[in-house]
Amino acid sequence: MSANTTTGRPLRITVWNEGVHEAQHDPASMAVNYPDGIHGAIAQGLAEHFPDAAIRTAVLADEEHGLTEEVLADTNVLLWWGHRAHAEVDDAVVDRVQRHVLAGMGLLVLHSAHFSKIFIRLLGTTCSLLWRNEGERELVWNVDPTHPIAQGIESPIIIPEQEMYGEYFDIPAPDELVFISSFEGGEIFRSGITFTRGRGRIFYFSPGDQEYPVYHQKQIRQVLANGVAWASQPEVRRESPTVQHPEREWFAR
Amino acid sequence: MSANTTTGRPLRITVWNEGVHEAQHDPASMAVNYPDGIHGAIAQGLAEHFPDAAIRTAVLADEEHGLTEEVLADTNVLLWWGHRAHAEVDDAVVDRVQRHVLAGMGLLVLHSAHFSKIFIRLLGTTCSLLWRNEGERELVWNVDPTHPIAQGIESPIIIPEQEMYGEYFDIPAPDELVFISSFEGGEIFRSGITFTRGRGRIFYFSPGDQEYPVYHQKQIRQVLANGVAWASQPEVRRESPTVQHPEREWFAR
Amino acid sequence: MSANTTTGRPLRITVWNEGVHEAQHDPASMAVNYPDGIHGAIAQGLAEHFPDAAIRTAVLADEEHGLTEEVLADTNVLLWWGHRAHAEVDDAVVDRVQRHVLAGMGLLVLHSAHFSKIFIRLLGTTCSLLWRNEGERELVWNVDPTHPIAQGIESPIIIPEQEMYGEYFDIPAPDELVFISSFEGGEIFRSGITFTRGRGRIFYFSPGDQEYPVYHQKQIRQVLANGVAWASQPEVRRESPTVQHPEREWFAR
Amino acid sequence: MSANTTTGRPLRITVWNEGVHEAQHDPASMAVNYPDGIHGAIAQGLAEHFPDAAIRTAVLADEEHGLTEEVLADTNVLLWWGHRAHAEVDDAVVDRVQRHVLAGMGLLVLHSAHFSKIFIRLLGTTCSLLWRNEGERELVWNVDPTHPIAQGIESPIIIPEQEMYGEYFDIPAPDELVFISSFEGGEIFRSGITFTRGRGRIFYFSPGDQEYPVYHQKQIRQVLANGVAWASQPEVRRESPTVQHPEREWFAR
């Protein structure tokens, strides 16, 4: 897969994970499902699709959470996974990530990161939802079949066991609704949605949890790769919109 | 419930049904579930919510299908139910209904009327979908809790037995997505959606079928009443947008 | 005009203004155009449309900026005007206003308040734009003629002299685009736009400036009154969406 | 420019023009501005951007208007220009074009083709607007700067002389609003808008008229090339959505 670039530079991807389930060996199944961490599994899946990409990972425990100005400036698309430690993410890092998104960096927000500071900051709402963790089957249905993020995806994707996320999901009306999930217990969820904020593209995708090996599924990896390709804008100069104060008829000069 | 009117005139509602299941006594359960026809049950439900409204019904077998220029000019909101006889609806009547919708008449399109000529005409797509009739439980989830059509509605509405409608539903991206349904078999469906076309407001609501007594459920009747109140624009002059050819600075005179 | 309420309680409106131009007597024309302050003129216009409403005003210099928990709990719709002192608004008050909006309070954001903390907080973007203050004629065109906020409005509204606001306006794609303005110098601006966030409705309307008597124009006052009626949801309990953790089949009990 | 394809086949583009102004030599300026016809100028501009593409033209006078099943099946993106002869376009050809769009063919609708049968068919509204032909300057402003159709475009594009198209433009709310134009006389117009219908992508772009050499402007040609690249989906099998009638749990087999 090419990432829609004409710059010739390899795609630069950063996979961020708080890394707390990994550090705490909790749940115990982490050792089986995610021996290299959730970020490791995600990075591995992306590497299958983008063999030429420069893929790095970063975690909460890294200095500045591994998200320095230099790293973000060198990132086309950032993926964000968090669950237990949202509150521990430094506001200065959140400011920095927001600034880069508004200036053109792509952002994939995954599963329990619906409650991350960066997602709430960019959307403005509580991002609350229904949840229940009983290993229910999730079906991920495609409702926008020609969307770039849905290419090569069979509908539905079947996830044998998953945490249930249900509506009402308190988000702004998404720019595009790509996937809707149903769960064995009958709940539904807008599970694949896009937002544009400033110059940046954001894709939220809910499947993926510390207790289940979701990020090893082929179709889930395809969705994430599609999301990265869609959110990546290598030709767009990293530049935030700013106030302008032009004279009359400036454009005619 | 008031219908948001300042005109003082009672709300005028027309419930249209092809009336074919009724005429054919097929399914046999029609005699039990819909002794006054599907249109009769819908009209009865609306009368509970709008005791002062002028509610009429009309069927395919009526002259001009009961939808003369006079009737439409005297209708704030038209409800449309059809299934077996879409092809028998006269194109001249479809033209007339489309003209009135674009000029400000509200339209509620119900269940199998996703395949009606008028819905396809207004949306431009095939309006095709998945279906299976095995009496599955449908759950109707509200994803826009402050929408006028969702007022007073518990989420989910539980319909014990229903025909399954599933995605992909080939429609334009709706202006507003109010309800998403799940079915026992795992499928999901965008079951309550709005579109504005010209000056007219359109609400499609999928629950309701000839085999099940859905239109007798209290919450379903509330949704239809909310839909009628939302689609009704008694203050809007019935007037289609037209081409204008103004002089320069016409507005300053 | 009624405010779409069935509660029987009068509508409660709070008009907030930083009040800095007033305190500084700058520009000098304030004494002529806004002897009672910009908030005074706005409140006066609303009182013409809602004679029964309880309308209060509040300014930055008031304790807690006049926006205590009690005041917000007793406010259906808050109007916000600010320009010079955005940075002086207490973050704790911004938190409180955001919480009330997400829980169902309406918010009208006016003119230079595009740069207010509360607007940026709710939208997540920089809200930057083009500007030039040379007293150019602004034409406000209606592109959604049956929207409730456009009722009774002639298109275009002619504002003889105004500050120019131009695109690119860095906002999320609005839920609804109601007005687009053009200016003598040729720039255009999305000048009337709606957003829903949580349970709250937000209307941004750009006309209105400290240098020009815009808030005395009849049609501008009509737009603000329409905006208040649209954003007001007196039947909605003031309650923020929250996380729920239900058992399986909870809805069937 | 590549057209986002991995198929290796050259992009196939068909430029359709009614060709009536050309045949009637009216206006006389056609001989100067469009010696090869409007379709010729558009095709020439596209050839500059897609040197490897297979670009054909077709006109009303051709058999089946040059739009046979074979031609459409071999077309990734169709461009449509018409003005005087909308009514002479055969309904059977309109049916065919609509079927191909819903099945995945891209469609660019240009200028006065807002009144073409195919555009009205796909949108469902009257598509009426304001117009005045006095050679006013049009400024085309970009309000979605990272949209693929806006890449490489300066904002505003300046068109020295153009026919004015103004609001209200009676269309459904577009999926994406990319450009808004202002005119010397003060009117504004949603001049670059996208719609997805079925599997097909549609871009309407209003600049371009028989009286002015608009299709020779470099930036206009860039917009059309961007539109073609965006609307082209060479990987999508040409297949209309259809009704499916699956068994329970079909997806699990």
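Quick notes
All chains are identified by letter, namely A, B, C and D, in their written order; residue positions are counted from 1 within each chain.
We take it that contacts are C-beta pairs under 8 Å (C-beta built on N, C-alpha and C of every residue); 3 or more make two chains touch, one makes a residue touch a chain.
Treat the numbers as computed from the prediction; the structure is a model and nothing was measured.
Over half of the residue numbers at the interface between copies chain A and chain D are found on both sides, making the touching surfaces mostly the same.
Of all chains, B has its CA centroid at the greatest distance from the CA centroid of chain A. Rotation angle for the C-alpha superposition of chain C on chain D: 180 degrees, rounded in steps of 5. Taking B-D and A-B together, the chain pair joined by more C-beta contacts is B-D. Rounded to whole angstrom, the centroid-to-centroid distance between chain A and chain B, based on C-alpha atoms, equals 38 Å.
Here the spacing of chain B and chain D, counted between their Cα centres, is 33 Å.
Shared contact sites, meaning residues of chain D that touch two or more other chains, fall at 139, 144-145, 156, 166, 168, 173, 186, 196, 241, 251. Under the stated contact rule, the graph of chain-to-chain touches is complete, every pair of chains being in contact. Residues 137, 139, 141-145, 155-156, 166-169, 173, 176-177, 180-182, 184, 186-188, 190 of chain B touch chain A in their complex.
Within the complex formed with chain B, the residues of chain D that make contact are 98, 102, 121-126, 128-132, 134, 166, 168, 170, 172-173, 175, 185-186, 195-198, 240-249, 251.
Against chain D, the residues of chain A that register as touching in their complex are 2, 4, 6, 104, 139, 144-146, 151, 156, 158, 196, 199, 201, 233, 235-236, 241, 251-252.
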